[in-house]
Amino acid sequence: MANEQNSLILSTSPHIKSDESVRKIMLSVNITLVPAAAFSVYQFGLYTLLLYAVSIATCLVSEYVVVRLRKRTFTLNDGSALVTGILLVMVLPPRFPAYGVVLGAFVSIVIGKQIFGGLGNNIFNPALIGRAFLAATYPVHISQWILPRMSAAAVSGATPLAGMKFDGIVTPFSDLFFGTVSGSIGETSAILLILGSLYLLMKKYIKWRIPASIFVTVIVLGEIFHLINPAKFPGPVFHLFAGGLMIGALYMAADMVTSPITKKGCVIYGCAIGLLVIIIRLFGGLAEGVMYAILFMNAFVPLINRATKPRIFGTGVNHEY
Amino acid sequence: MFIKGINGEEGEVIPVHGNSATVKIKANKACKKCNLCEQVSSTEMVVVAFMKKPVKKGEKVTLSIQPGTVVKSAAILYILPLFGLILGYYLGKFAGSLLHLRLKGELFPAAVAIVSLFLSFIPIRAYDRRKQKDSRFRVYIKES
Amino acid sequence: MADTKSGDINTGNKSFSEFIKGFWKENPVLVMLLGMCPTLAVTTSAINGLTMGLAVVFVMTGSSVIVSLVRNIVPKQVRIATFVVIIATFVTMVDLFLKAFLLDLSKALGPFIPLIVVNCIILGRAEAFASRNSVWLSLVDALGVSFGFTVTLVFLGGIREILGMRTFFGMSVLGEGFEPWVIMLLPPGAFITLGFMLGAKNLIDRKMKERKKY
Amino acid sequence: MSTRVKMILILTLFASISGGVLSIVYLFSSPLIEANLLEELKKSIFLVVPNAKDYDEKVIDEITYFECRDESGSTVGIALPARGNGYQGVIKLMVGLTPDLSRITGIKVLEQIETPGLGGRIGEDSFQNQFKGVQTEPAVEYVKNREPEKDTEIQAITGATISSRSIVSIINKNIQMLKDAL
Amino acid sequence: MKLFSFQGGVHPAYRKELSGQREIKEAGIPEQLVIPLSQHIGAPCEPGVAAGDRIKEGQVIGKTVSFVSAPVHSPVSGKVKKIEKSFHPLGQKVLSVIIQPDDEGARDYMKPLGKNASELDPKDILTRITDAGIVGMGGATFPAHVKFSPPKDKPIDTLIINGCECEPYLTADHRLMVEMPEYIISGAKMIGKVLDVKEIVIAVESNKPDAVEKLEKAGDERDILCVLTKTKYPQGAEKMLIKAVLNREVPSGGLPMDVGVVVSNVGTALAVCESVRDGKPLIERVVTVTGNGVKNPGNFFVKIGTPVKHLIEQAGGTAGNIGKCIMGGPMMGIAQASLDVPVIKGTSGILIMQEADYMQEGYLPCIKCSFCVQVCPVNLLPSKLSVIAEARRWDLADSYGVNDCIECGCCDYVCPGKRPIVQFIKTAKIKVREIKEREKK
Amino acid sequence: MEVILIFISAVLVNNFVLSYFLGICPFIGVSDRIESAVSMGFAVTFVLTLSAAITWLINRYILIALNVPFLEYVSYIIVIASLVQFVEMFIRKTSKTLYDALGIYLPLITTNCAILGLALFGALRDYSFIENIVFGIGAGIGFTLALVVMAGIREELDLADVPESLKGAAITLIIAGLLALAFMGFAGLISA
Amino acid sequence: MGITILFVSLASMGGVGLILAVILAVADKKLAVKEDPRVEKALEMLPGANCGACGFAGCGAFASAIAAGKVSVDGCKPGGIDVARKLTELLGLDEAVSVSPTVARVFCSGGIKETVMDKVYNGIRTCISANLIGGEKACLYSCIGFGDCCEVCSFDAIHMDENGLPVVDLNKCTGCGECVKACPRNIIGLTGYDEVVHVYCRSFDKGPVAKKACKVGCIACKLCEKDDETGAVKVIDNLAVVDHEVNKAPVGSIRRCPTKVIRVSKPVSGYEDEFKEKIQLEAFEEKKAGTSK
């Protein structure tokens, strides 16, 4: 709009804004995911690259179509659909069929996000909704594992957690840490995920309380059970680095949209996730429980937010002095 | 604001007495579509509500109560007796074994359990009577 | 609503409109949100939906007629008890019938046949309509509503069966190339499908209303 | 008539009418229903003990089992109903055994609510047929991701280890109980 | 040295270097002055002159009609041109006296009372403050004499002189403290005398060490304590300042006097000193004219009623295309619709921004990043409030404490979705008030 | 131990609403406000447990003892319906103040599926008295949990830009589906 | 065996029924308060918008009040005269009801085309929020044009036109007043069906100022006052107002107004006759034809 000299702009205070933006946040997340994603392509072959492409394309297209149908103006360039697309693939098994990924990405965006009103309104983590939907839709494909290129184990294709649960095999720590084990596409390399998320932690894009309380709970509970029965229950380090806990705690539980906004709430949320992960892993029917733990706690976020509303300045204190 | 039990319930003033009024309310709007409640005796209830400002007979009013009270009442009224039930069961079982009752199965403890469920309303009733004077449990007329 | 309000439409027309409205305008599942439990639980296939629906047709017509016959002699205080007894009697009859002649279906529907007893549609209708109207009207109303219910169940069951098992009433409809969606047979699939069906119904209603405007 | 009296009369009346009507319906339908159930039981027993033509119901230590005979009347096997927990809920089986309980002659899944297409595949013939001729001593076992090698082994369904394992352990447990009882 | 601070807050680019080292200059007398008769919180004044009257500098032209009000004086000698409704910096039209200055320089000040606070009668000082039309110069423009006469049951033990000036860009208070520290100290003592306080504290943000140095030199450590506070916005907000300095929390909906404190701006202290010492009513104040829209940013002594246009000329004229004219700082200031609005008693700065800086396209839904929650100094959930207001659920706004918001703008500043949170909150406040009033009826 | 497993199973693994589809009507109807959800949940828990106790007695001492299994539905339902009606009067009589605070709740739960379903499942599974009661409590708590979580979400979504035609029951059902998806993580928890 | 079962079930069910009935009968001491059957009927007749215009919490509340004879039947604004008549019938009242239905009218003519836009507004696009800092138009009394009023109307009766002004669909408007409450600038008012001449401006600015801001505003020239033969038009505080108590159309003023801000509004359908009678339409149209030439 071209202004004449005296056409002043009116707006309410404040008149300056920080240079953070949703787009910047989402792009940072995408970029920090790149190392782990690249490593996964190396580990599991070019087929995974195809999956990434398919997933991202489906996410973007569905987002665009729904937004257009609903005659809303937000566009794709906020980059959140991209995050969903990448993360969805990262938690799927390496040889998941591509048509399944299309379905999953579509479900992530449409059922996981848009029906709640789109960006920012969703209750559940969209990528995990896609993953859970696929797990229930194609339960066979979701439990087919292959060995990575840099494999440490020679024999079975079972994930460290399944190996632990069903056969009592404990995978060495270093393999877990560097990701030379079988597992979902992007979850295996703990080190790359940690490195990537450090930047997000620094920028406070991740509420540090969430991963911190998940880790603490898992370590404490893991240790307790390990002490009770070391033969049956693996130690805390195994829990920390095996399966999807790293990617789950750092990227999925900490998704800002679906986690609590209060500090106390974040701690409660994180501890509960840690507790559920341990319960499902140790006593449940499934080998891995991070996804279900996060989804379950997502549902509680509105209640948590309400219960931990901070004390408003100047209320509820003794005003004697 | 929120519909919380009686909080937000709308009713009609029947008579007014002193600083309170008797108000008749109709069934909760939560389930308009199924007419189930109508079959049970009461789709209406009558409460005595305190007035913050004068109302007239026949006036439509909205009732309210201190937030939190509803949930508390529900817990006392509905959860406490369940403890009575379970307690009664184990008491009955214990007593049965003491008395060497040769009753088959769990009939005796079950009966004790049910009796103790109803007995647990004695303390609840006492509590209720005490709370009658508690302002937190006072239903009052919010607006007309 | 206009038809129920204006007085002198002849009975034939009126009963027809009473019958029809159960399908769309007062569809028990999609509009009144009643009888959701069996709707969700038994619709893993179209045939289950159909059987359940027909069972409801039987119970509902039977009990509606009886209820409207006896409506004037039952005192209010024992109304619900009397009505549920009547309904439960019919339900037990259906149940015994299924067990005697259609054991497989009876197993598939599991405990949801007895649950017709408390199924909110039947009770709701029994009270709201049958207890206030003549025998004939109650009968028509019960038929309309229960057929509306049946159609909805078959529809929902059909979708779930097609996507979940590639078949419709047992006949193969989607080719081998389609990998069945197991989720459709599980609770989440039921909830989500019904949710979208409700949404679609609302959308169509809205579109129709808009069209009427112009 | 006061309402109270009317209340009592009406409810009593309706309740007893209902009782009466139902008992009549029941009288007519119960033979059919029982026949149905018997038919089913027979079918499953004869399925798991292939040569059987007739059976006797036996109860020992509260364990019910069926001793099967062929035309000649000699005992050809034992059908053992078994139940236990699966992945989602209860699984009920009929297990056919040789008279000395050393081999399985067949199994049939009677009831299960496992995930369709996954654990639900325990109901498929290809899975159940694996058990034919499997040795019960020392115990039935399952293997994953490879062909069975030993006589005691069956192959688990991929992605449904838990359901497969449940079947195996239900069989082992119930056979053991029967052995102990006999 | 310990830095006093509070929880939350933000640190935007301060940009104080634009005008921070410029000495205060006289802005001169414009061709015409527009003096609104409502320059304070409370009842507007009634005109005390008529069109055509000749008036002297310092003469009362707006008379108070109630206690919570402050008289308005003529800043110049001249002629009353007319009295009509005219634009006010707050947006509405307000009855104003329009004065054509002459160069006779006729003055009508009050009688000086004396220099030394300790020798004066507190009642006299208070009367003088009332007559001089002094209001809070920190922006709230609450009549000072009202603030300085707390009810008997609220004893005041501490006076905090607020020299934080936490708003970015503004340097008026800073320059005052550097250039006229004696006035401020002496004014502070006078206020202290009126309130009969035990302690007087001057709080200055740590980015103004020169001011502290000057103040400490001018004052006596036994009477007046200078403290440094952390450089963080909104350190100057009185609730935050009291929390930081004294660790007392002003109750929700309450005032500083509820915790025994009065907070006054350094400008207020100066005005008090001048009125007592020289009999000069509040007709002039220091204003920072800054921003990238003016050529030579600087600080000026400005006659109340001077139009913004005149000040821009004093600051070297405009640079580039002007996009926004803000009265006050960038965090809380009010955007002006025209350059003809006059400076009033509460105007601490004029911020002129180039167009390019200030067009933002729309805003996104809240992504619940909780940045806003982290920075809100009064512990609200701004994200929730903005969403509530967006959905027009005014009934919920109250229960989330919308009325406790001090509209500091921190939440708005950090929001990555660029959500106009403060505007949402302001709207909600209006609606909540409306609903409450309707309920009362 | 058995009792604890029954409880956990009823609350989490086989949640009445989310995996047995019982009591859906009140679940949709009363899940729009947290406070009403909690109170409603408690009331349902109470009625569930009470019916668990009574129907166990009926089953043992009438249906099995007299060998009239076909009267199961009729006898359960008539007893439950009358009992709830009676209990309501009883509570109103003994605890007027508390009852008043709640408004009208009990009548509407007289007859939902959850209550009869509980009776039938209990009989089917051959629970002992105490097991049946714990099953009732567990089912009630599970119902309350689902109800309250849903209420929390719906209060949140009240403020969101949900597509017009999905508002209300439609989105509630879809969310219930997603919740059921999340609850699937607990499968196998008790059978292992 | 058959007979035994029949007997046993008859007896057991009968027994259960009896016991329960007795319990219920004993417990049934409190009788529910009876409800007036007319409430439901009345409720059926009401529009069911629960708008609250009647001053009650909703249609249901109003229905009970009506049945109890507590309020006058014409209380429901949205229902208008039809509902009032029906209710009269229901209650068997014989007194004729006289209701003067009202509709909302928008008292600003300055759309995008007519009013000077001298500012750029950057913020939430709702009227109430924009009003915090004055909106985009030069006239501070003008319609802001973001349509808060349309948003709140539950009868779909008010819409924004291309010129950025709300237009009321008089046939749909029920006079519930929600839009009046929503407008932060007091531009919408409720007026009787039969009050047809209005000043479509709310600016209190003096002539020159108003003129500068908007082409079609009231400029307080007082010509209308001069030419008003009925005495209904007065200029107060720089704005002309029509006194509707004077039950005559000020045709002279309408003709004279230089900015044509005093106008005759369209009749509500069904009220054409009253309308004609009131403003002597023929005469007016004749004159209008004359001036426009």
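A, B, C, D, E, F and G label the chains in the order they appear, each numbered from 1.
Rule of thumb we're sticking to: a residue touches a chain if its C-beta (ideal position, glycine included) is under 8 Å from a C-beta of that chain, and two chains touch if they have at least 3 such contacts.
If you're wondering where the values come from, they're calculated on a predicted model, not measured in any experiment.
J.: Could you quickly compare F-G and A-E and let me know which has more C-beta contacts?
T.: Most contacts of the two pairs: A-E.
J.: Taking each chain's centre as the mean of its CA atoms, which one is farthest from the centre of chain F?
T.: E
J.: Round to the nearest whole Å and give the separation of the Cα centres of chain C and chain G.
T.: 42
J.: On a C-alpha centroid basis, what's the spacing between chain E and chain F, in Å?
T.: About 60 Å, centre to centre.
J.: What is the distance in Å between the mean C-alpha positions of chain A and chain F?
T.: 33
J.: Can you pull out the residues of chain E that are in contact with at least two other chains?
T.: In chain E, residues 334-335, 337-338, 358-360, 365, 420, 423, 426 touch at least two other chains, as defined above.
J.: Chain D: which residues touch two or more other chains?
T.: Residues 7, 10-11, 14-15, 18-19, 22-23, 25-26, 30, 87, 115, 117-118, 162.
J.: Residue numbers in chain C touching 2 or more other chains?
T.: Those would be 33-34, 77-78, 80-81, 85, 88-89, 92, 96, 120, 123, 182, 186, 188-189, 192.
J.: For a test of understanding, state which residues of chain F touch chain A in their complex under the given definition.
T.: 34, 148-149, 152-153, 155-157, 160-163, 166, 171, 174-175, 178-179, 181-189, 191-192
J.: Which chain G residues qualify as touching chain C in the complex?
T.: 17, 20-21, 24-25, 28, 44
J.: For the complex, which residues does chain G have touching chain F?
T.: Residue positions touching the partner: 5, 8-9, 12-13, 16-17, 20-21, 23-24, 27-30.
J.: Which residues, counting only chain E, touch chain G once they are in their complex?
T.: Where chain E meets chain G, its residues are 84, 91-93, 334-335, 337-338, 358-360, 420, 423-424, 426-427, 430-431.
J.: Give the list of chain A residues in touch with chain E in this complex.
T.: So the residues of chain A in touch with chain E come to 1, 3, 5-6, 8-18, 20-22, 24-25, 73-74, 78, 80, 117-121, 204-205, 207, 256-259, 261-262, 305, 309-315, 317, 319, 321.
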